[in-house]
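The structure appears below as structure tokens.
Order as written gives the chain letters A, B, C and D; numbering starts at 1 within each chain.
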Amino acid sequence: MSRGGRRTYAALSIFAAGALVLSGCSKGGSNASDNNKKDQQNAKRQQASIKFGGAADSTGPAAAVPGAKTGGTLEVLQRDSYAHLDPGQIYVSDEGSLATLIHRGLTGYKATNNKGSGHEVVGDLATDSGTTTDGGKTWKYTLKDGIKFSDGTPITSADFRQTFERLFASFINQGPTYLQQWMADTNGADYRKLLPDGPYKGKHLPNSILETPDSKTVIFHFKTPHPDLPYALAMAGYAVVSKKGDTKEKYDKAPVTTGPYKIQSFKSGKSMVLVKNPNWDPKTDPIRNQYVDQMDFSFNVQYEDSTKALLADTGADQTGISFNNSVDAGNISAVLGGDAAVKARTVAGYQPYVGQININQSHAALQDKTVREAIAYALPITPIIRAFGGSSAAEVAGGYISPTVSGYDASFDPWGKKKNPGGDAAKAKALLKKAGKLGLKLTYGYQNTPEGQQYSTAIAAALKNAGFNVQRQDIPAETYYDQVGKIDNNYDIYASAWGADWPSASTVIPPLFDGRAIADGSPNYSHVNDAKVNADIDAANKISDPVKSAAAWEKIDQYLVKDVINAVPTIDYKQVQIAGSKVGGLVYDDVIGGIDPRRLYIK
Amino acid sequence: MTTLTKDAGTPAPADAGAFLSVRDLHVSFKTEDGVVRAVDGLSFDVERGKTLGIVGESGSGKSVTNLTILGLHNPQFTTVEGEILLDGQELITARESELEKVRGNKAAMIFQDPLTALSPYYTVGRQIAEPFMKHRGASKRAAWDRAVEMLAKVGIPNPKERAKDYPHQFSGGMRQRAMIAMALVCDPDLLIADEPTTALDVTVQAQILDLLKDLQQEFGSGIIFITHDLGVIADMADDIMVMYAGSAVERGTTNEVLRAPQHPYTWGLLNSMPRLDSDLGMPLNPIPGAPPSLLTPPSGCRFHPRCTFQDRVGGTRCVTERPLLAPDRASACHLTADQKRTIFLEEIKPRLA
Amino acid sequence: MLRFLVRRILGAVVILFLLSIVTFLLFFGMPRDPALLMCGKTCNPTSLANIHHVLGLDKSIPEQYWIFLHNLILGSNQFAQGPCPAPCFGYSYHTNDPVWATMMDRLPTTVSLTLGAAVVFLIVGLGTGMVAAWKRGTLLDKTVTAGSMVISSMQIYFLGPLALAVLVYQSHLFDKPAYNNFTANPVTWFSGLIIPWVVLSTIFASQYTRMARSSMIEQLQEEHVRTARAKGMSRRYVFFRYAWRGSLIPIITIFGIDLGTLLGGAIITEYTFGLPGLGRLAVESVQFSDLPLLLGVMLFSASMILLCNLIVDAAYAFIDPRVRLA
Amino acid sequence: MDGGPEPDTNTGTVKVEGRSPGQLMWIRFKRDRTGVISAFVVAFFFLVAAAAPLISKLYGKDPYTIYADVRPELFDSAGVPVQPNGGISSEFWFGLEPGNGYDVFTKLIYGIRTSLMISLAVTVAVVLTGILLGVTAGYLGGKTDFFIGRLIDFLLAFPSQLFFIASMPVVVSLFVSPRDQTPTYVRVVALIAVQWVLGWMSLARILRGTTLALREREFIEAAKVSGASPWRIIRREILPNVVTPLLVQTTYTLPYLVTGEAGLSFLGVGIVEPTPDWGQMFSKASTELVLQNDITYMFFPGVSMVVFIVAFNLLGDSVRDAFDPKTAR
């Protein structure tokens, strides 16, 4: 998923959280570095490849969590309130975590082990992960029996038609767009032309695209094969929306839910209460458990506050947790260096995000590969790690594929950043001289947050040493990605970060580097359009065996980093999370990229 | 007839008849720029029922003297020496609580500008009643009635209502009347009126003066009447003391001082005073020069820098030697008695028309 | 009295009107397009235009302003997010919550912060100031004067973080400041605001100490005060009955201004302590170029200032009979 | 002095062998020890500000070097100096800034430089505007007075801080330069502009009052009668007489503006990293990074500013007293 959410939060917190904005990035502390090893072991585990499950795997109920008890109330401390509850609008990580509890789609991820590292895609509301007969052009889904919305109305294919058609309406603008693009067989935002007003003005998608022959069947017809559909449909963004209850814009604040929990009350920016959904039938759900009776969310809880509360582990905080707050760097040593009891309450892992500095291919000077190599050598990673809170919050990335995605290669490090994260100015300068571009003007657009200001100055300084003439340009944080997303933006280099939408590099490489997808707002921020890459992408997309495709993607990744150099990978984002002592079933789920809310129970 | 004291240098014991007697008073206070000797060896007495007029330019120490009598100076910055006997009670050494009993009770004061001197925040009635309650221990009610009665006495029409008014609702003259009412509410034996009429226009002035005289008849209190206006003093005071640069330069009965003034400064004052009967061609001739700095008073005769008659004395006496104020009817000047007489008769009088 | 009220309120309305215009123009000078925010990742010219239309940003500025006024006074049902009764500031571009509700939601924080601090600093400030004036020139006075001078020269953005660092981060004596609803739990409400209160009122109290002292001393030099003493009134009586009253006038003036400004959003304080008050709301609205919110807060803060001025002027009349309200 | 005999004090002071008020003021001022000392302190700050480049040259460092990258051994991975007290050492006198590890000493003196520069500029602008509008309103009276009066009322009703925050980005965006770095001077100019717009009212009010009072005074009347042009009267008669309130006010305004400017930078809308600035140091000092690990850092901007403000306020008081010894102390 793109870091769209985070950027808004960053922006919000710039002023909102004020002094506390650097919550995520304060003292890595001189003592955090030794914890670093434990932490890495803790986090270093690779996502085993994922298979698509059949009917057998897709039948509920979900495997019981060992030792789980029912009952109790879970206190959930979150920094950011949920901006969107409408599935179609959900994309960012913490709304994603919430969605696992309240929204269900055709497919979903089922844990195959209790470590959060093994998953398979199974049918959630559908009887299986989907059947295709023509290599991914046509997909057929059959709905299970006895599936209901929280208001008791049964879920039918009509609801799914509504769900998918409304994605084309203009007020749905935050969610994922894979499915829409596949249906319309276009790139960028052109898909909206397919059904400009969504289903609301009486127009509907033709059967040649979306077919709902009866109340239980949903059939997709694509022009090109999309073997990844089961993954895509597992995204919260494609969870079902009630046709009867569809209130358009207002749905975003009060949706009709389907998961094991329903929203009892939601005060934007303050609190939320989830209670058991009586109309949720475990027998239909192979993925979720429903142990705790109630979840009380409170928002505006900064990282260090949730950490302090959960560390203290008194009163309600014993049954407390935060789905998305990480342990703040100030307390990281207390947590990781702490006694076994505390460590037992913590989980750590990689987030699916990988940071990169994009090099704008649209600017002539930068089409000279030597210049780009110079940039790649000169670029220091330390400032970024520093700004985000030190080694416990981020580590040097080799490629664009994160450790949470199958195919990650830890040894890959073409620019020697892992050995020398400070960058290699001398080498860069030499290259730049060779290219005859000493003193080349580089306009560096940076996100105008305290972090951004901090590391961009350091990076600029390093690039200056390497013989560039760097011009820093601040970009308002909350529209940062819109600015750098423009093809004809004014910037030569700018940072961006991207996370896999599902644990396959097919949600990293194509969106970021498919030259044919270049458009305003497309995440191909460096506008690379490389024939070989495009070809390889198509090839890899056709591979239906996950393991083979993973290998193929990693090859493209390495080619991109080493030979195309349209961007320089910077950091893999990591986080450590903690829960109260009475919280059971604590697992860091690689797909969610954080604690798995579906398994939690009160000891 | 007021008996005037012996030489200031050797103060006589307080006169039995005198109700207030001030002996060799020295007042000086620290300012940003140094010590100001505001009053420098002053002695005088006041009797019940009589009026002493103190004349002099501003800064001659008139006001200070009288503030000192009631101890209204700021002890932090001021040092006072000498003795002040009010009805036999020593005031300089008296404790604050003692003084409080005296103020507004035995001795009251009327200030120059009734607008600023009355509190804007309380009704006239209340302000008059307060001292009565304090000194006579009267009840609110009684005190209020007394206030109304006093307002009636000082000639405020419809006092019952007016008592409820605030000072700003009064006219200038009425305010001064109210002030007087306030001063006399405990019928004090001594009333100090510090330029009570300067802030008022001539007609009102006259009324106020008459009022004061009438009230003096009625209450029989002694009055110290401070002014720089000889015209006013003429029909108020029984005796006059002329002050210059912190000490008395001439004293005598009103008649003596005004008919046959002996001190060049007094001449100057008379000279500079506009007269209704003087014909228009006659120019006003103010005393040349400005009052001296009390930080660095002139040597010898304080007046010599401005005195046009130094040469008559001859030598440097005026500059070196400070003239003393002789007992009784006297003036502090080195000119001989007949010099004074002749100069006045031949040179000053004509100009006074 | 009535005439006074009417006149002042009319004046206030005019000022608010002008203020809203200025803010409106200011907003349209803003470097970035609010639509971009709502447009999200799949942003293309068409959807952008669409959002412009939804927000009414495609209309001319005067037209938009007119609509704003109309909604403000008459309310509106034109909003996709739902009905919007007067006073209608519309819905936030960013959160889609109704602006008025949002402001009312943030108000308690600011009010608790401000009034709580105000009570303390007024009492402490005036108290010490008067004592200093009473004991003028003594050691006590000198220490008070010096101390208040130094403290009043400190800034919230120094004292605040310092307090946080010492009391919260290093010693863990207190929890980090936060706003908890009073009705929900008075204790946490109190404990959450204690540090902001202390910091805010320390600084203000020191300023009021200085004011009270000098104002008192000035009053003590007034002639009518001397008259009161000449009447034989005791020093205490004169001090508290005569001097005190007058000394209040300048203080009340300043207090009115301070209170107004703080109630309109104690920006730096809320920012320093991360309290979700109006001040922070304002700053967010600027960050997100959220016109409805920005206008709402701007007008609200201004009204607070005006309201307090009005109250102050009314207060004059009570203290000083010379002031007539007309 | 309660009930103290005022008139005599006057004669005491005013009559000191006919010295001009200016000389008198100077004499009194020199006599006032606190005043003189604080004057020296203030002067010291301005000196440091002016000589910042020289000082840092001698000291051999500049506020822009990112020691966290140049001398990584001094920092941990989050950019916190590893030595105690924020890495204070014989080499880095005031230690290193957490984060990018700027040298605090040079950053502080350059920060003071920036802040004082800006505040000084605003002060000048404010004073000029104040004089212009205040005196005009007071002297001309009538419609002009009314209009200016209303303008002042209006601007005073502005939530100023809020206005600053709202208008800073706007003003900055007026100078957008697409390919180049937004130069610091743009932010500086913007800061000066916004503070100026809402800064001049109080001064103007006071001057209006004084002028109004003066206008009724005889010598002005005289000048009028003698047919002097308004401009001449203002220049020769009024201005010399408003110098006192003007000077006093100004000495109070400048520190107020310094803190204001710092406040904006603290809120992040003023001067931003890497440009050194007093307020920007405060915003750094209020970050988790510092609060958690390095309180030492916040004392350098903090204490220096308190000292500066105290000194300046004391100076203001002495100036006021020197001009007018009667005022309460």
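Following the convention adopted for this analysis, a contact is a pair of C-beta atoms (placed from the backbone, for glycine too) under 8 Å apart; a residue touches a chain by one contact, two chains touch by 3 or more.
Just so we're clear, the structure is a prediction, and the values are computed from it rather than from any experiment.
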Per Cα centroids, the chain farthest from chain C: B
Comparison of A-D and B-C by number of C-beta pairs in contact, larger one: A-D
Distance between chain centroids, defined by C-alpha means - chain B, chain D (Å): 51
Rounded Å distance, chain A centre to chain D centre (Cα mean): 49
Gap in Å, rounded to a whole number, between the CA centres of chain B and chain A: 94
Separation of chain B from chain C, taking each centre as the mean of its C-alpha atoms, in whole Å: 55
Residues of chain B touching at least two other chains: 72, 76
Multi-chain contact sites of chain A, meaning residues that touch two or more partners: 14-15, 18-20, 304, 330, 476
For chain C, residues that touch 2 or more chains besides their own: 31, 160-161, 164, 169, 225-226, 229, 271-272, 283, 286
Residues of chain C that touch chain D when the two form their complex: 11-12, 15, 18-19, 23, 26-27, 29-31, 149-150, 152-155, 157-158, 160-162, 164-166, 168-170, 214, 217-218, 220-221, 225-226, 229, 261, 264-265, 267-268, 271-272, 279, 282-283, 286, 294, 297-298, 301-302, 305-306, 309
Residue numbers on chain D that touch chain C, as the complex places them: 1-4, 6, 153-154, 156-163, 165-167, 169-170, 172-174, 176, 255, 259, 262-263, 266-267, 279, 282-283, 285-286, 290-292, 295, 298, 301-302, 305-306, 309-310, 313-314, 326-329
Chain A - residues contacting chain D, complex: 14-15, 18-23, 25-30, 32-33, 36, 304, 328-330, 380, 382-383, 385-387, 389-392, 422, 441, 443, 448, 450, 453-454, 457-458, 461-462, 471-474, 476, 490
Contacting residues of chain C [partner chain B, same complex]: 136-137, 222-235, 241-242, 245-246, 319-322
Sites on chain B touched by chain C in the complex: 70, 72, 76, 96, 100-105, 108-109, 111, 113, 116-122, 127, 130-131, 134-135, 166, 168, 179, 182
